[in-house]
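So that we are looking at the same thing, I have put the structure below in structure tokens.
Labels A, B, C, D and E are assigned to the chains in the order they are written; within every chain, residues are numbered from 1.
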Amino acid sequence: MDFNLMIEVTPLLVKAAWITIDISIRSLFFGFFIACGLVFLQSFQFAPIRWFARGYISVIRGTPYFVQLLLVFYGGPSIGLRLDPITCGVVVGAFNIAAYMSEAIRGSIESVDSGQVEASRSLGFGKVQTLVSIILPQSAALMIRSIGILAIVLIKNSSLVSIISVVELTYQAQRLIGSTYKPLEIFTLSAFMYVIIIYAVMGIIELAYRRAMRYTTL
Amino acid sequence: MEFDFTPVITYFPTLLKGVGVGSLVAVIVAFMSIVGGLLVAVISIYINKIVSWPLRFFIWLFMTTPLLLQLYFLYFGLGEWILIPAIFVGILGLGFHYMAYNADIFVATIKSVSNGQYEASRSLGFGHAATIFYIIVPQAFIRSIPQLGNNMILMVKDTSVLSAIGVAELVYASQYAISVSFRPFEFFIVIAAMYYLINIFMELGQVWLERETAYRR
Amino acid sequence: MNTERNKDEPMIEIRDVHKSFGDLEVLKGINLTVNRGKIVSIIGPSGSGKSTLLRSVNHLEVIDQGNILLDGVQVNRPDMKGLQFERHINHIRQNMGMVFQHFNLFPHLSTIDNITLAPRKLKKMPPKIARELGMELLNRVGLASKADVFPNWLSGGQKQRVAIARALAMEPKVMLFDEATSALDPELVEEVNQVMQSLAEEQMTMLIVTHEMGFARDVSDWAMFMDGGVVVEECAPQKLFSNPDQERTQNFLRKHLNS
Amino acid sequence: MVSTSTYARDLDEIRGDVLQVVNSGAYPPFSFVNTQGELVGFDVDIAEALAEKMGVKVNVQSSPWNGIIAALAGGRFDACICSMSDTEERRKAVAFTDSYYSAGLAVWVKSNTNDVSSLADFSGKRVGSTLGETGNQWAVEKADGKWRNQTFQGLPDMMNALNTGRIDIMIADDVPVMVAIRENKSDIKIVDVGPLPRFPAAISIQKNKPQLLAALNSALKEIKSDGTYQAIVDQWIGKGANIQ
Amino acid sequence: MNTERNKDEPMIEIRDVHKSFGDLEVLKGINLTVNRGKIVSIIGPSGSGKSTLLRSVNHLEVIDQGNILLDGVQVNRPDMKGLQFERHINHIRQNMGMVFQHFNLFPHLSTIDNITLAPRKLKKMPPKIARELGMELLNRVGLASKADVFPNWLSGGQKQRVAIARALAMEPKVMLFDEATSALDPELVEEVNQVMQSLAEEQMTMLIVTHEMGFARDVSDWAMFMDGGVVVEECAPQKLFSNPDQERTQNFLRKHLNS
């Protein structure tokens, strides 16, 4: 192992890692709200709105992320949507992960016993209040787990944003390997950074999960 | 930009072969990651923490690092000692990767099965293991279907990462064709359509499973 | 006098209600009127549709045909849609307490929170006052000591009593009990009986599904026997439990009539 | 379908702005990042020299190979100065300038390998090439079932595979490999298996940009004639090397 | 004669059993012996520890002190560990059917599968024979038509009957009923009573927790009244329900004694 090289390139990789974190956090943040919107749309009685949400989820989950990136980045300008690469990464990332997240949220909500909903509704609670006071506390554990996985997926998938020339962690590592011919050193270093980022995320998930499990007395 | 789909037609058989390879990998990985994920979840919940610790560390490793790096380490890193063919490296890497994700889901859903179910089964004389197998796991599985669907749909598209180690799946096939023809968007659109087709089948499967299990909750 | 007149006002009206699950017709045209401040018992064999009828009154099952009225207001409103119906049904349900056959307590909330959640959120009752109300109700059902315990730690009878207290906390006009006393011992049944009588005096209307014939006879002003989704017989409980008209009723109550 | 050519411009528009140039950033000595994180190399210097002659400002960026083709087709960049081989097929999709150097394929094996001296010796061997490059196309067309092709995402991967014995033979452009061997003292040697195709490396731009094409070509002529070009060659490829 | 002798063999022995949940001592030294082929009822107020006692017999609650014996074999074995205890307790439990207060049917299995799962997997009964057995049991509880329906579609009484059939399917030596008839109407209670009698004739031993005093009196050979975790009184049901010794029992049964 060439430790001098590793020390030399660390600042470069840290900078790239920051871009990875930045894109991921922003995508996750916006993606969560879009996902909630999608879940909400699916509860509409007016069928075409439901179909729209289902169709969106189907198409977004069905097509590769990098194709979505390329189409928005290169197709966007022709409809007046000229995004810089990082913004494009955030936007596409958010709209992409939202489709998966809405399914995760829906699944968690459906895992709650229907008797609980009935009991709440029979007290006169509306749908929203039932969701907030009864369903969410009981489905939080599963929801946190499944959204947590998606957060991790999002961080890992942010490497695909390099295709629109964003220099994030993976692409920076590949470029440095291209010039130094030291794959082991550089991959180890970048793997280490991913471990730190994702481990931190896993820690947050675990804390949130433990909190949520307090409610799930079986 | 004008579109010219003639190169796509020329390379269509190669693309189809790519779909075939990708689907084969996906099917094996789906099986491996679901069964393995269940095993891991069950072991880490029910078995002594010390026994399951190495396993959890292994899962943790696959959870925290990108698939691409895992494949590189398995393919080139292990290359110093053993040469595993690329496609097996791909199946192993993807399999363990999604095993970790699925295990995480199963942990949550297994814990959400009420204790009364466990007791009812034990009181019939079923052992701990048999109870988990016949009673807990099926109920947990039913609750996991939407999240599993998510994971498996992600997984199908992640088969494209295998192109990095030279497995000739769909994206690999198209990369070659693109570098010859310089018609990227035409190919990307066709790739997207092909993945979407696969996805439709998977979604239909999920909808069917959800409907079949709706009254078993 | 005024109260007397009030007592004859219909509070719950069930008119020709039909309900099927797939091919299985569970309710085949049920009619029943419950007047304000009255206690009406529904008895009948297992699977005869009692729970389904009660759930229909609360609109937890959407009926296929017929009408249900609460205090003159139609509960099922196929003409209403979306938010409008949502507001309508929430309002209706706030006036209707329900105790479920399987209790359906909220496992993530302590006993007192199970009871006070609705008043706090729906009536904006301050937490302190809500807690006082909750403790009062818990006292009434003899569970003051279990206020901060979670439902999973409760015995069957304790759960049932919490479910009753939860439904009462909203001070509804109408209470629907599905097996209100199935998990209760004779002493508690007696107590619940007294609670019901005092509620009836306060003009609360009650519709009760029960398997305990003695309880049905003692507590109620009117009794209905249903079987196979139809009303076989309805009359004053004294008559139903001593001298029913229909042979089916006689058979069902044979054991009870003999004792 | 949307037209995406709104972004790449012809020369008159570039004049008032910046010439956007792209390369792969992982192809030393032509384009790579040094350990300070700067994008440098032969292609970068050529781009800067050309811009100077054309009298425009320039911005050189890098993108992964599969992104480059999309970027060019999608018009996000004005020119790709990225050691791209000029082939007949590609000309259908993009326009090429005159060649700015000539890349030759070469065959490489481990130093202790002695049984490869002609194309016939390839039979039954595992042959590596870089996915999407001309060496890969050549190997795929020539193989015809006689040998097994294996592909890699980049030269470092492929050299690693040759070193660890995943492949027996490697086909790649000669200059980058020679530089890599020199820098890393790899245990690899070149073998002569008869004449292999050479491809002119050219700058690719979008079609229908006649002014830009003409300006690039004349700037290219200028730097070749005034010695700027040879200075860049001397710096990156080797003193006095001739790669035309 | 042999049978007579057998009848006096103790089948379940509960000796000085103690059990606490945290600070709450729920069982404070319970003693009870149930002989082979006998039906013993446990009655008592809500929260007195009846379910806990029954669950302790099945080792679903681990007792803190005392011993429980099934057919002379000790159930709780603090000396055994891991797999050894696992084998031991599984064997014990196969001889002990339990009907839970909340039924705990398996929601992912149809009615018939709920019943036949244990015989198929534990006794390796061929599916066909298991199904025949299951249908026979379903017939016995009047639910043959619901064989392929899932538990969520059953009414309360139907669930309870399936739970009984499920416990019977393993042909245990002992049955533990926690509120065996709480969701059943008088006709079905009568039927369950008959089923129990016929089982007792086949030498099955039964321990029943119930709130229905009439049922307890009619069905059982022996009755025990417990309150606050202790046995207040145990004797023949005729005596307990007509002329109990303890004042606490008299109070508890007042209503019943008066009627």
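Here is the rule we go by: a residue touches a chain if its C-beta (ideal position, glycine included) is under 8 Å from a C-beta of that chain, and two chains touch if they have at least 3 such contacts.
Predicted model, so just to flag it, every value in this text is computed and none were measured.
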{"item": "Any chain that touches chain C and chain B", "value": "A, E"}
{"item": "Any chain that touches chain E and chain A", "value": "B, C"}
{"item": "Interface with the most contact pairs, given as the two chains involved", "value": "A-B"}
{"item": "Remotest chain, chain B as reference, centres from CA atoms", "value": "C"}
{"item": "Chain whose mean Cα position lies farthest from chain A", "value": "E"}
{"item": "Distance between the centres, which are taken as Cα means, of chain D and chain A, whole angstrom", "value": "36"}
{"item": "Whole-Å gap separating chain A and chain B, where each centre is the average of the chain's CA atoms", "value": "17"}
{"item": "Chain centre separation in whole Å, for chain E relative to chain C (CA means)", "value": "30"}
{"item": "Overlap residues in chain C, where contacts from two or more other chains coincide", "value": "102, 152"}
{"item": "For chain D, residues that touch 2 or more chains besides their own", "value": "2-4, 66, 70, 73-75, 153, 157, 160"}
{"item": "Residue list for chain A, restricted to those that touch at least two other chains", "value": "70, 74, 113, 183, 216, 218"}
{"item": "All chain pairs that touch each other", "value": "A-B, A-C, A-D, B-D, B-E, C-E"}
{"item": "Footprint of chain E on chain B - complex, ascending", "value": "116-117, 119-128, 130, 134-135, 138-139, 142, 213, 215-217"}
{"item": "List of chain D residues in touch with chain B within their complex", "value": "1-5, 65-66, 69-70, 72-75, 87, 89-90, 92-94, 131-133, 136-137, 140, 150-153, 157, 160-161, 164-166"}
{"item": "Chain E contact footprint on chain C (complex, rising order)", "value": "21, 43-47, 51, 101-102, 153, 155-158, 161, 178-179, 182-190, 211-214, 251-253, 255-256, 259"}
{"item": "List of chain A residues in touch with chain B within their complex", "value": "58-59, 61-65, 67, 70-71, 74, 100, 103-104, 106-108, 110-111, 113-114, 141-142, 145-146, 148-150, 152-153, 156, 159, 170, 183-184, 187, 190-191, 194-195, 198-199, 202, 209, 213, 216, 218"}
{"item": "Residues of chain D that touch chain A when the two form their complex", "value": "2-4, 6-7, 22, 24-28, 32-37, 61-64, 66-67, 70-71, 73-76, 153-157, 159-160, 180, 183-184"}
